[in-house]
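For reference, chains read A, B, C, D, E and F in written order, and residue numbers begin at 1 within each chain.
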Amino acid sequence: MTQPMKRFPAASIDKLPEDIRTRLLAVQEKSGFVPNVFLTLAYRPDEFRAFFAYHDALMEKESGLSKAEREMIVVATSAANQCQYCVIAHGAILRIRAKNPLIADQIAVNYRKADITPRQKAMLDFAMKISRSAEEISEEDFAAVAQHGFSDDDIWDIAAIAAFFALSNRMANFTGMRPNDEFYMLGRLPK
Amino acid sequence: MTQPMKRFPAASIDKLPEDIRTRLLAVQEKSGFVPNVFLTLAYRPDEFRAFFAYHDALMEKESGLSKAEREMIVVATSAANQCQYCVIAHGAILRIRAKNPLIADQIAVNYRKADITPRQKAMLDFAMKISRSAEEISEEDFAAVAQHGFSDDDIWDIAAIAAFFALSNRMANFTGMRPNDEFYMLGRLPK
Amino acid sequence: MTQPMKRFPAASIDKLPEDIRTRLLAVQEKSGFVPNVFLTLAYRPDEFRAFFAYHDALMEKESGLSKAEREMIVVATSAANQCQYCVIAHGAILRIRAKNPLIADQIAVNYRKADITPRQKAMLDFAMKISRSAEEISEEDFAAVAQHGFSDDDIWDIAAIAAFFALSNRMANFTGMRPNDEFYMLGRLPK
Amino acid sequence: MTQPMKRFPAASIDKLPEDIRTRLLAVQEKSGFVPNVFLTLAYRPDEFRAFFAYHDALMEKESGLSKAEREMIVVATSAANQCQYCVIAHGAILRIRAKNPLIADQIAVNYRKADITPRQKAMLDFAMKISRSAEEISEEDFAAVAQHGFSDDDIWDIAAIAAFFALSNRMANFTGMRPNDEFYMLGRLPK
Amino acid sequence: MTQPMKRFPAASIDKLPEDIRTRLLAVQEKSGFVPNVFLTLAYRPDEFRAFFAYHDALMEKESGLSKAEREMIVVATSAANQCQYCVIAHGAILRIRAKNPLIADQIAVNYRKADITPRQKAMLDFAMKISRSAEEISEEDFAAVAQHGFSDDDIWDIAAIAAFFALSNRMANFTGMRPNDEFYMLGRLPK
Amino acid sequence: MTQPMKRFPAASIDKLPEDIRTRLLAVQEKSGFVPNVFLTLAYRPDEFRAFFAYHDALMEKESGLSKAEREMIVVATSAANQCQYCVIAHGAILRIRAKNPLIADQIAVNYRKADITPRQKAMLDFAMKISRSAEEISEEDFAAVAQHGFSDDDIWDIAAIAAFFALSNRMANFTGMRPNDEFYMLGRLPK
């Protein structure tokens, strides 16, 4: 097994706090492997708990954005931040959620050219502005995305996901977090 | 009272979930006012809880960085991200924690010229690289900060604070979060 | 007393040319201290004279811009240039001229979020373009600011102040010019 | 079949000049499909011939760089230029030439974190400087790559490939060239 | 004679392959000297042939763009890429083709201020976007240039010239290609 | 005669204040024409006087920098700021002062490739940093230029010229100041 991150020692699952160990084992049960983000962040249990609570609050809840659309935001902004772990791991999730084996690579390289709807293009324009130059966000940006039918709450979701992965991308680049080998092929072949 | 943020309705304290209301009242008791970040993020209780759990895990715990040093990271990176709320609110906290009425304004404008130690300058160089170009972080950057005596765990703290405020700055710019008027003067006068 | 600048010896007031010494003493009389820009630039008497002649021609004359508005331009562009002296010293002057203890910090961090009028926002947009990318200034930029009622002469004032502080910010960063301690509190308390 | 590019009509193979048609059929024979770059550039036969003559002069000849290394340069610089066609099509070729199903995605997102040798990292640093800021190339850059054992001729190859794909990436982005669906899976499964 | 490039040995004309030698002698016959781009690229005969075939396919053919307009694209984009050889050599050609001794210097410094028509300004705006940020080219950019009467084929020419000189500029900066002394004065004096 | 600037009416020489008119006539006497910077800035007599006092204090005095070297700084930084007037007018002066018909064009396009000494290259590196990112100027930058034998006063001259033309370039771009036709040929032919 490759090391989950380059700069810090990997957590040993059986020495983790009970709640974290339980979560890791549940993920392993479901996915067949433990994504390295869990092993990496487990180095700091309190940060681990807050990170995944935040993640779940954005990515698992009901929203005007489909789960695939939320993963599009993750892939597009993580590519702009050159985050290897997030692009490759969430690219896999996007392929699965969108049931589309091509979409993640397209969005990762240049979302403007991807096979997405104008509504999704507007969503990603807004997400990219939050990710790259949130200080310039303006009424025009809100109007541009709202005219595609996104509610205020949907727009919060777009912004919050872009903001959360601004954190996540930085931690992954800092720790040298590696995508597990399993992610590269997930969702590429028809079931 | 000015509105805590421009784009979303302010939470009404008495309608908030019990745990959040309790936290707000405790802050109000201690500070004499409720910082707008609490009222803004309370719009989304689950995100609120994760946000402050993450914040406390980084800013309140024991660390090789003093609390003043941690606030320096917040002020320097938030200034680079042009986050009005974070620079002004955490500038106040920095003045108080450092017992220095000048340091926050100096760091906010140009941390390279601030009255800080070479160790703190190296800490902020590393934090700024995480904040602005984490994708380029390299062995040289780790070596440069480590030679000032920061342990690996201290360096994680530097990076994690910069990363957490990358999220925070984006949410504040997105919501148009306003610094409370009280922050501007805090820590400027001798007690 | 802290050193007025880091890289060159401070001028000794009693050895300065008569006209410069007179100006310094007059400023000291009026303000209670000699701002470091005077002591720094006095190192080069001819440049000193030209600098302050230029400054006064822009900042002291009658104009369609109020004195507070002119200081807004100084603070916004100097913040973009990360000029510690100019942001802190002119921030103080702005607070006094605008009779507003909050405005300078708001503009320094992100003028787009400051409590200013749409007219002032347009003025600062134009000033920032002159400061940061004057080579791209276009008819659209002139039209955008003119529609807020600025005359051609007012627009010259906006541009000339942004241009003059492009010079001033670079000299301050070059010399390591320090804001006097007095500036930090000026204009923050009601008279 | 998806359209090979968005902005210009696709060439009809049987109406192409004889030499171009022959090349397309040969490629189709070998690969099982005609990569869209051939169909797109065939719109302009003279440019087509020059483009592929240049391509072959760099990518097919003997060189101190392996064919896989040359594809690494293509993938890294094309990712920086956000060229969907080049990253996805040459990513496939890289996987095949390097017999490594993971390497292309790693390099596309952030070559600094990819599983490559220090020699390859230095090669990509040089290629990226040619691609992104050739005007600043200096003796230090030449020395840095030469010390990994690259000859002057090898360095020419690195630079020329980066320069050629600077052209190619721009034409692909201009024409809206689509990667063929076949590329996404090539080289991902063991033979 | 100054060296044609700094980093590689100059080709000796009499040892070049026959076809390349013939081309060089023809150019010398016509111009009175051999432009250094020929001597530099002759170091690699196959690349030489492809380069000039591409060049001629774009610059010598019939087009909706005049030859002077095509040289404007070369000068403007090469200036943005800080390519000394291309700006000075093609500046000379532009002066001659436009029969205008001033236009090349104007475009090299800031094409937005040059004495050109609105149609030419739109052409250069499009060329610069291809040169500097082709990944963002959009329907709006196509519409903006098309409304000045450029056909789709003309727009291909604009883009292809900008893309070809993206390659050319990088090779010139890489090799340290020097403009021949003769270019500086060409086209500056009335015939 | 072409208009001296695009956006404001040209000053009529006989209506100017006596001192300014005298200066213009003296320049005309010496040069054979009135450079447009005089006619443009005369629109604002007080700013005119300060501008030229500053200019003369830097460009006419004794210095460790030759007059040609000072013009190199003007040309290099004005090119980075895309200031048509300054590059073309001061390019002419540089050719004359350096008695070198090629140097100005070389420096304007890419000073790193110009035929200058290592000392002059270090001088321009420092000047460019003041011009483009003075906020990052550091001890290393001072040391790098000092080791070529520049005194502290020489370094002030380098910085002050770069800073003064930061102002000048912005005013020229703002006013649309045109270089007089005479400048283009000055210093290109042997006397």
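Note that a contact is a pair of C-beta atoms (placed from the backbone, for glycine too) under 8 Å apart; a residue touches a chain by one contact, two chains touch by 3 or more.
These numbers come from a predicted model, not from an experiment.
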Exercise for the section: Name, by label, each chain that touches both members of the pair subunit A and subunit D. Expected result: B, E
Fill in the blank from the handout: A CA-based fit of subunit B to subunit F gives a rotation angle in degrees, as a multiple of 5, equal to 120
Completion exercise
Taking shared numbers over all numbers used, above half giving same and below half different, the subunit A and subunit B interface sides are same
Exercise for the section: Express in whole angstrom the distance between the two chain centres, defined as the mean CA positions of subunit E and subunit F. Expected result: 28
Practice task
For subunit C and subunit D, let me know how many angstrom lie between their CA-based centres, rounded off.
Solution key: 51
Handout entry: Length of the line joining the C-alpha centres of subunit A and subunit E, rounded to whole Å
Key = 44
Exercise for the section: Could you list the positions in subunit C whose residues touch two or more of the other chains? Expected result: 82-83, 110, 135, 173
Practice task
Could you please write down every pair of chains that are in touch?
Solution key: A-B, A-C, A-D, A-E, B-C, B-D, B-F, C-E, C-F, D-E, D-F, E-F
Handout entry: subunit F residues within the subunit D interface of the complex
Key = 110, 112
Handout entry: Touching residues (chain side subunit A, partner subunit D) in the complex
Key = 79, 82-84, 87-88, 91, 101-102, 105-106, 108-110, 113-114, 173, 176, 178, 181, 184-185, 188-189
Problem - Interfacial residue positions of subunit E with respect to subunit D in the complex - result: 7-8, 43-44, 46-47, 49-51, 53-54, 57-58, 61, 81-83, 130-131, 134-135, 137, 142, 152, 156, 159-160, 162-164, 166-171, 173-174
Practice task
Flag every residue of subunit C that touches subunit E in the complex, lowest number first.
Solution key: 135-136, 138
